[in-house]
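In structure tokens below, several structures.
Below are two complexes that have chain A in common, paired first with chain B and then with chain C.
Entry: the complex of A and B
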């Protein structure tokens, strides 16, 4: 009798605890998580550093951020000046060379967009995006 | 026993009510899709909000996912019952296709300190080159390679003019289908390195697009 009462009490409490949870789930239904899962074409700094052969680094950030500092040897290629910058990049590229694009932070889509266009429009293979971007590179250099 | 259960019920109901009656910004929408006109310099989205709570809300920061997008607010504090908006502007530049940018809004609202607003812009491409880069390795025969150009029907292009920045390549244009053209690119030889920017201009006007042609000598171009 006591046990049955206890179970009923537990069930009632669980049902009531569900109310605020459902309210919160409804209220936050259209909020997007800020953190995104890693994408398939992403490469970590340590993986990038361990690559053999010559790697072409491409900086997808705005001109000013590139001028303030960038990965040694990196070339600038952003959407703002795509037409003007792309020929120089393609003239420096060699067949089979790995290309790594980076941006300013993990949430920045610019590097993914540059990588997509290089693959789809210029037909380049072996194009990757640096996970964590410029900040991850700087952190690894400390 | 009954009194205990009633007390617990009262506590849980109070908690549930406290959760739903808290201060907070209610957004009209957190995702916007834009379809700017061909050639538009910017795509602008407006995210409207209202403070449905009973305390003042302060914007701590508003950041965008890349340098190509800016976000502006008219006020730093939102009083209870007050409405407002955040304007997100995406600078189109040479971007094409579907562009997804985000705006991260941080407030002092303890219940929902961070809201991410998503701006999706579909940028029409008037001339699409596939591929926009053709190359020959120096051991390869100097045979022509093809670039297919798809023109948007709004462009009303009936022919294309292709100009090479270098005499090392010759080009020819032919019509492949309705609103589709074929550019054949051929180097004079593949014995030495060469490169050219090909400027593709539709006869109906509008912005030109560019392709790159190259004869690659790996021993010279490898860094």
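Entry: the complex of A and C
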């Protein structure tokens, strides 16, 4: 009898937690993807921070967002001004240097596009994409 | 002596309750980060990590509140014991597999804690929860 009461109370708590969780999932529906892309090139903020050696950070967001704030030392490289920005990036890059590209958040795709073009058009190796983008970086710095 | 045990129980409930409410609130405020933290253990698919990132913080908050308020008390302890045990097991599993990650248990504060300290903290919480569950004197601190 006691055990049945305990199970009922556990179910009550489990259901109580479900309600705000569903609300929050609805609120964040546009900010987080439920489908993890089958991408092996993503790197988390903590992994990126632990990388040894110098890393080149590339910001794939629009110019205005870059100007408003970016990862220290990051260079701008977005699709809008690709041809104009790429030479400067390649001049600053040293052979063997790891490159991490980021965009605004988890659901954006600009960073993956820039990473793909860097591999295919500039033949760069060791190009990674920051999981969660600028948003994840800011959260980790709080 | 019994009075002391009752007050110790109240203090223990307060500390554990506040700890879990705090841990839940910190994670509920950053579900994206917590999703990455869960996924970094490499045990669950991404969609499951997202679901847990939305759900687990609220479960911790409700269980912590239940401890503080003395309502659904034993159910809250049972759930928190389960959660803490699961965390200890998956942390140890990550460690054995050579994955060096932040557990994400207390948001960004977790980054400053080593694996050993995380484990120690969770073992202390587990022992305290079991003490609350099993001691008849500590149970007397719960309002009827």
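General remarks:
Everything that follows uses one rule, which is that the second predicted complex is superposed on the first by the 104 of 142 C-alpha atoms of A that agree within 3 Å, B and C clash if a C-alpha of one lies under 4 Å from a C-alpha of the other, contacts with A are read in each partner's own complex, and residues count from 1 in each chain.
Methods note: a residue touches a chain if its C-beta (ideal position, glycine included) is under 8 Å from a C-beta of that chain, and two chains touch if they have at least 3 such contacts.
What you see is a predicted model, and the numbers here were worked out from it, not measured in a lab.
Residue contacts after overlaying the shared chain place A:25 against chain C, while chain B stays out of touching range. In the superposition on chain A, A:135 makes contact with chain C only, not with chain B. By the touch criterion stated above, A:83 is placed in contact with chain B alone, chain C being left untouched. In the superposition on chain A, contact is made by A:46 with chain C only, not with chain B. Touched residues of chain A, counted separately for chain B and chain C, are more numerous for B. By the touch criterion defined above, A:14 lies against chain C but remains apart from chain B after alignment on the C-alpha atoms of chain A. Once chain A of one complex is fitted onto chain A of the other, the partner contacts of A:124 are limited to chain B, with no touch recorded for chain C.
Residues 9, 12-13, 16-17, 20, 24, 28, 31-34 of chain A lie in contact with chain B in one complex and with chain C in the other.
Those residues of chain A that touch chain B in the shared complex are 5, 9, 12-13, 16-17, 19-20, 23-24, 27-28, 30-34, 54, 61-62, 64-65, 73, 78-83, 86-87, 90-95, 97, 103-104, 107-110, 113, 117, 121-124. Considering their complex, residues 1, 5, 8-9, 12-13, 15-16, 19-20, 24, 27, 29-31, 65-68, 91, 93-96, 99-102, 104, 112, 114-116, 118, 129-133, 135, 137, 195, 197, 209-210, 212, 214, 216, 218, 221-223 of chain B touch chain A. Residues 28, 30-33, 35-36, 39-40, 45-47, 50-51, 54-55, 57-59, 61-63, 66, 72, 74-76, 78-79, 100-102, 107-108, 111 of chain C are the ones touching chain A in the complex. By the touch criterion stated above, chain A contacts chain C in their complex at residues 6, 9-10, 12-14, 16-18, 20-22, 24-25, 28, 31-36, 44-46, 50, 105-106, 131-132, 135-136, 139-140, 142.
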